[in-house]
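The data blocks that follow each hold one structure.
Note that subunit A is present in both complexes that follow, paired respectively with subunit B and with subunit C.
So, the complex of A and B:
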């Protein structure tokens, strides 16, 4: 017993140290300093500290989880100890920065970071405060672990929403201040607008409302759903249509409310959704990991750029109307999808990823080269792409472009939705599960694969074509590998093969970082970490497709068996 | 009795690929003939390109060994290997520049270089160990796409962590006087000292690796694990430990390659790993992935091909600035190899069957 006990405390200490090292990393990468410019709760809690606090909470949570089951005070104590060790590690960092000049190597080990970590206090009182806070937060993490599930999720949701509102305050205020009756409520929630973040009272009220509301809803959700299910079919349908109608109205009316900046953010997100819907077909449905997806984006954009260009410097610039060039662009992208698809028909899995990545790089280097400069502009790119018009309305503002993007997304959504359950869609999924078995079942692998590449490429080409008129200029460096990785990350985070997942992923990975400029610098770092963590914790994504989820959770024993079979053969 | 005769169906994608292959071959031949006819380049210049290619190729070969070793054992592409290469180069740079400033490098150049190598190799090895432990080990037996996506994520995470920790600027690697300048061979052929050093160092490390894999106990265990994990475990081999050692071995070579790369190109940035990593992967595939001698051969071949290729094939065709297109040549070769000889030069046929 005492031996098990000792082992347990060793593990708690270990977790505390690991958590502390993660905290040090977060600080040294520069996140704490950069994020500290934004407040979540005005004057009380900055975003940088929120990040560290969150790490401490998670550390405490895991430390408490070392006990099997609910051990009450002992769990909380474990959390507190882990949190304390976390802050000790962080304090060591502070002391190191104060006593040695680390800046030539570690660019962020700077006095401002020390000031943040010691709460702007001199001597050791800051560090003492840090340790007390660490222990308390670790204990809270442990407490969260032993709370009953229903309470825990209510509390977490409340905290999450407070953080979200705090982060978004600028946008919420800009958008809603124009409505007079909301104005006073906003003032109360966010202060007079000079501070950043929620006011303390606002934060508490939001937390209470959300947490209590969620707690009650969790008790009653099934009842509401039951009642809905008991309604006659006709009523159910009309309620559904009412909901759809409401969504469509909101979508159509959105740019009028949101203003320039937010509409721009939505446009960027929309283009990524469009690409995501395409890549979702290739990766999610057909299981072909394509890392060169950006190639088709580039082809779509360059086709529109070259064909509509008026300057006459480029060989093939004919000054074509955008609406004529658009189908050509999509067509060319589709063709490129097939042409690049043929060589990789026999290449599977990781090899496919690398080969397609090579294709993406080839296209980018060609766009950048002097060799093709007379045709597509080389490193200077293409400028002066004229904005198109529909019936005298020139599409040159985000608000008008919004409708083009929404139309594109709706088209892609419709096609994707219809294809998913079609004969072709089912062939794709069969191919994803097992190519050889699919072929044995009579699926024409060549046609099925090429159709997947072609459809995906078409969406990407469409997205690229819209990008060309959105920016008005095209440069080769807009088509780096990062775009492919971005799109891949968003469908994985959303859930591979799941159409709503694309929207969730795009909002999380593209929309949110666009809104929070501080994230820009750490975007890829967070993506990378997210991909690694996602693959271990929730490989099916946030909004999984039913079959894929089942597959991933049953997969482990199957694969082991397959390995054994292979070994025997 | 009636017999039905069926004409074998023509496989259109194959026909298309053969046509593409033939066209590329024709392009290469015509380009080469035209370039040689024009006689714009002297023998000296070709010699320079070849030696540069050989040096570059030895670096690729060292990195490629890491890909191949890990692939041989885990059947996964360690996409983050390029970042392991970068990390070694980066930490090696800090040691090198501090030794340069303190004057240690000038007084004890050989010891200094040794320290740089040790630092780089240790950094890479430690990073690879952490990576294996944290990111890859929990995923044993998961569907194939899962570790690959993890590796891509890890690659970006490492790259941008280094960017955050050490800053975004491009740093110039200190010049090491001992290996600066040129030697003259056969009268008028000049050869840069640094390139000779790189080639010899890489060759020595590859020889060591060949010995290690072939004759040491760990090497034998590694080959056994790569053959069959379950049976290796039954023979009393600690599979997890061997996998870690494989990662460490590959990473140490990558760290050394990072130092050599820096000696040659003399810049250090957080994204320096990506292109060499991709090239090294190409080299590994070219030689036959999972096969260490293949990786060495593939690396050297790719290095020379990439160095001579653009000038030799494209200059004669009148293409402007052919050197910009060297990556295109390398990646085209990757694609062609995967299509026409997926086994690589020395490897077994993996890309179809096991992938």
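So, the complex of A and C:
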């Protein structure tokens, strides 16, 4: 055996052991046991096993990736061996739990865990099955690695969607059962009530439809786009408007379908998206690392809270209408953004992060202080914030608040996008890349930085103002440092400086955990693992900022096209 | 000779005890190509930084078209019409080539916050002007077709040219080039020399260079200023500099100047003859 070859198999074994240890960790923190209460595919695959299977697949994938290039059978073999080693490590855990009393230290090393890992069989046959499964899944991981890209992404998307549907089956069923025509389809897909997961047939059909559909789409997407590009401009525009109209209709109709709980989840996510859109301008575009972003959220919320309060206990409570208080709240937050911006104009990088962190804490502690208790309520916060009304509709439940949040997000999205595509956006990005050179290009750093801080703060203040009417009460502890960190994390996960990335990040880090509340104790663990993996595997984020390909396009198509339309008319 | 476009009067810049630029006085004629040369650490780049506003000199004056520019911020200096490139290329590396140049066009844009949000006529005019200017400059420096590439993915020579294009986008009256041929092979250096001369001839701008490559300096410059330890030790036409004894001393050491004056002079001559 050649030296390089020996080195290769050593690496494969190493990866198998590391994967196995990750599996042991997952089992010992209790995730396997806890997740096993839910099924992904009813009666076939539990959620706990899905997690372990995924880990084995990833292990096999990385083992196969040790080969440079596509090595066919050898890659699959590498995957299989790594998967087998994974199972062996897991089996050792089972034997250890059976033979030693580990429970005083490792609470989750329990008999139920052993039963899960041995498939409720005898020790020998259970562990043998585990090894065979490990080898097979590892081989599948290796196979996924050597598949052509188009097939691979189709398969992964199919598997991903099956897992997602299985995970969300309860919510999907509760939401859609109300529509009678889809009821029978749902029954077929999810079984009738008692099972918690997709039915086996449902899972296979969903996988096939998604995988084949994706495969075909990947082959034909460019053709469809070409055909669209060849259409006359007028038709293109009407198709585009039709699409926009459809999206708007769906967005408007959504709360009626989703019901109370899901709408509430969307609202929570929406408020974070609103904050994310603002912080994305500060951190993603302008490169100013702001860790005290929650301060503006608090200022927005408290301004609305104080001005609209009716209880009469607070000195400045004037019982103002929310719609009057809202612009004041946004204005004050913007002003705070500028006021914070001025002293930190010459502070860069890590130092800026520390200073802004301090600012965030100052605001929170001020809100807690006895000194300001007569004005903003101190630790008891502000209660009795009356719900606002539009015409005769009182905004006091998630379904109505939804529209306020959507309007806020659309406004922020619109402004953010327009600023990004203008001279200001370019200045921000130039400043992010190299502050000194940006200044030497004639960019006024003071104005450009303050504008970034102000815009970011305004969006955050808007989000806070809506939060005040959403909760009806505000307490200082709603504005902890963790919120700043969460918003920053969602920007990083979505992709720094990417507007669609904010939506992806918020759905992943706020929406999804909200839906999986029963596993909330693992939330931070998954968060941390996700961030570490992201930084290693995909540092640019899930939906990175697109580069504008426009050298060969006209500068402002709107103008040119508008002129053409006028000429035609 | 024309009126000087840039006048430095007794400029001094200190870093603690170190005098980086010492009572330096220079006059740069309009539409000339002048070079600043000198051994490493002679204060050449520091002088450039004083002109462009990165540093504020402790004493002395710098006048650009009769306006005092020492003490101004870099962006104000650029607005007045001075632009520069850097010794180690400093592009906005994650922006496209086109966007890099569009950022350079900044001094001519007036789009404000509200213009951008509401897409006013001014926004459209500004964007179109910046875009057209950027495409024109891409062609001018021979990078047409590479405009949509991320700057850091461009080859080294292209990055140098892109940096010059970005500096030209502000339509400067005075362009400062800090070692434009650093890291280039002899062919590329000759190309750069023609490019610099063409730049001056076609755009009518004044160019100041810092350069170590003697072929380029002697071939292209109309005026050479030699710095050593922050002081001006010689100034004049290339032919005058070549035979200046203090310059040879500074470059080759005092020993060389006294013992091997002839050989040193020969070496210098050889470099020039290569042209």
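Methods note: the second predicted complex is superposed on the first by the 525 of 569 C-alpha atoms of A that agree within 3 Å, B and C clash if a C-alpha of one lies under 4 Å from a C-alpha of the other, contacts with A are read in each partner's own complex, and residues count from 1 in each chain.
Note that contacts are C-beta pairs under 8 Å (C-beta built on N, C-alpha and C of every residue); 3 or more make two chains touch, one makes a residue touch a chain.
Remember, predicted model here, so these are calculated numbers, not experimental data.
Using the contact criterion defined above for the overlaid structures, shared-chain residue A:524 touches subunit B, although it does not reach subunit C. With both structures placed on the common chain, the touch criterion links A:111 to neither subunit B nor subunit C.
Look at A:369: by the touch rule set out above, it reaches subunit B but stays clear of subunit C.
After overlaying the two complexes on the shared chain, residue contacts for A:29 are found with subunit B alone; subunit C is out of touch. After superposition on the shared chain, subunit A has more residues touched by B, the comparison being subunit B against subunit C.
Touched by subunit B in one complex and by subunit C in the other are residues 551-552, 555-556, 559 of subunit A. Contact residues of subunit A toward subunit C in the complex are 414-415, 418-419, 421-427, 429-430, 433-434, 436-445, 451, 547-552, 554-556, 558-559. Every residue of subunit C that touches subunit A in the complex is listed here, in rising order: 52-54, 73-75, 77-79, 84, 86, 90-99, 102-104, 106-107, 109, 111, 113, 115-117, 119, 123-124, 126-128, 130-132, 135, 138, 145, 147-148, 150, 166, 170.
By the touch criterion given at the top, residues 25, 28-31, 105-108, 287, 289, 291, 342-351, 353-355, 357-359, 361-362, 365-366, 368-371, 373, 446, 485, 488-489, 492, 521-522, 524-525, 527-532, 534-536, 539, 551-552, 555-556, 559-560, 563-564, 567 of subunit A touch subunit B in their complex. Residues 13, 16-17, 20, 76-77, 94, 134-135, 138-139, 141-150, 152-161, 163-167, 228-231, 278, 281-282, 285, 319-322, 324-325, 327-328, 331-332, 334-335, 338-339, 342, 351-352, 355 of subunit B are the ones that touch subunit A when the two sit in their complex.
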